[in-house]
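Structure incoming, see below.
Chain nomenclature is as follows: A, B, C and D, assigned in order of appearance, with residue numbering initiated at 1 for each chain independently.
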């Protein structure tokens, strides 16, 4: 399988996920500004999830860009990642409609944690397929951002039952950390091309 | 990141936005022609939004066509534009179902205004990345259409609370102005290629 | 604009239309085979509409394949076609849920007629852009299938108010006529390539 | 028609099918962990269907990769396959919401059986178009997995009325058998390229 077909399929699925999430914004029945207030938490959560899916799309692109050939294990590791991302609209809706209550907030973290683990697996499946001295292995390095995210999600899941604002803060913090785009792979690729 | 992957992803998201909007047309329960009457304002508003999304798709294509290389800021400026466009189905449904009441009509304008600002930011992110003497900077020129649209949306938001027909008229007028396709970039590109 | 981007965007929209139609099949509440019976007419109508969208996708491909360059009028004629096709899920659901009642059956015909007219306009926009002695103009010829379809839809709309089974029969007949794929353009292209 | 456009369109439809299935996961009204329990069977069934659609996507890719040219019968055999796959979200939702009751479990098998038959038809349409001594014909061989699946679905449909757990077990077993990716075509292609 060629990289570009996997990329096109993943792009398609990610584009659909990021767009159908908006279906969680139910058209309010009233016409006053107050009628919008139940939609507001769903909207805020939609915004957060939109940023997360955007981050995954961006990082996923860099990852595949550094991949030469797709094997069957990579294909399934990629579908596994898409599976967890496909659950983001569901948990986004549940968390938003319930004003960030404890269990929905924790489940949001569970899905994000599983997606992060799936991304980690995909990354290592590619590195193992290409050799640990490959360009990608060097680019990923110690993967501090990835490890920090997984710890953060785990903490947010536990904290949701104590104070869900802490969890929400962690989710926002991790998104901000990633918004600084993944320069590691880009830089390594650039260095490689220049030398 | 290559231009064509950003283009393909944006096309995917825009294709989904333009299509799921039709899910706002709820299947009526009766079987008479009268049963269609509550759907009519949603249909009219769907038509207007379809034209708007079509205009964005068209202009977005011309914009990326004049872009040589995608940087991280351009990627996020583009996702920012897609975010606001993704809200068009929601505000279209709310405005249509409430027969163009004041607040929904104003919110429709807010989303269009934010999308116009996002497009403006994307445009300038690209121009700044390429230098102000670039082909695109010359093609955009003073961007009178873009400025006129933003002023129009702002006026329509305010007027929605006085007389929503004025706002509706402004939304239609701006769409008509843009329906004349963006020849500026096309012409500049053509001149460039011929000389 | 290059042909392949218009093709990719149209493919995306058509793929979404053909797939979201299935959302009209509402999951029944009971678990008996009898619980499926209200879904049956929707399913039958879904099948018919699936075939229609498949026919449009196929013919649309042949049409664009014979097109060298996309102009702004072609772009808008194409969006106009996609607009009417995007309404197919809505009228399919209304007609199916109401067991092919008169008004929904007539409206189904109206949308198919408008799509046929939009296709006709797109075809002529392309031919006029390329000259009447072009490959495509020769391939289309007298366009008997297209004219037959438009007459058929018009007859089905009128007959829906007399006996809707006649209309349903006409819709099926037209689909069968088109299922014989559009060999005209394919043949002309092949002749052209061989000489 | 070129292979890559059929591939892109099929990818688009499959990406939408795999993603809109998640819309069957209805956001629960409560905020307790118990509120999730009605969603659990739908989730489990979603996971199974996600794997099935992933298998079809993977095998479909290998199949088209070994195809040189698309004819009209192949195009329609492919749309026929997409038709049955498009019904997977509907039967997944019905089966999941009713805790794997007899009739929904049997109908799930019917749709999978029809998809398997459609895949079989597509496969033979391609082989007949390319000659029985073609690369693909050799790669498919006796198609034991395909025949085993069809027999399995038929057995599961009948057994659903005796004990639906047997049917569920068969559905899972067939998915596991296919998860071992279709090495036949890949291997034959590789042998072919190496000699």
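One rule holds for everything that comes next: contacts are C-beta pairs under 8 Å (C-beta built on N, C-alpha and C of every residue); 3 or more make two chains touch, one makes a residue touch a chain.
Note that the structure is predicted; figures quoted are calculated from it, not measured.
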| item | value |
| --- | --- |
| Neighbouring chains common to chain B and chain C, by label | none |
| Interface sides of chain C and chain D: same vs different residues, half threshold | different |
| From chain C, the most remote chain by mean C-alpha position | A |
| Cα superposition angle of chain A on its copy chain D, in degrees to the nearest 5 | 90 |
| Chain A-chain B separation of Cα centroids, rounded to whole Å | 27 |
| Inter-chain centre distance, chain A versus chain C - centres from mean C-alpha coordinates, in Å | 38 |
| Multi-chain contact residues (two or more partners), chain C | 8, 12, 16, 20, 23 |
| Topology of the chain contact graph, where touching chains are joined (line, ring, star, complete, other) | ring |
| Contacting residues of chain A [partner chain B, same complex] | 7-8, 11-12, 14-16, 18-20, 22-23, 25, 27-28, 31-33, 35-36, 47, 50, 54, 57-58, 61, 65, 179, 181 |
| Of all residues in chain A, those that touch chain D in their complex | 1, 5, 8-9, 12-13, 16-17, 20, 23-24, 72, 75-76, 79, 82-83, 86-87, 89-90, 93-94, 97-98, 101-104, 107 |
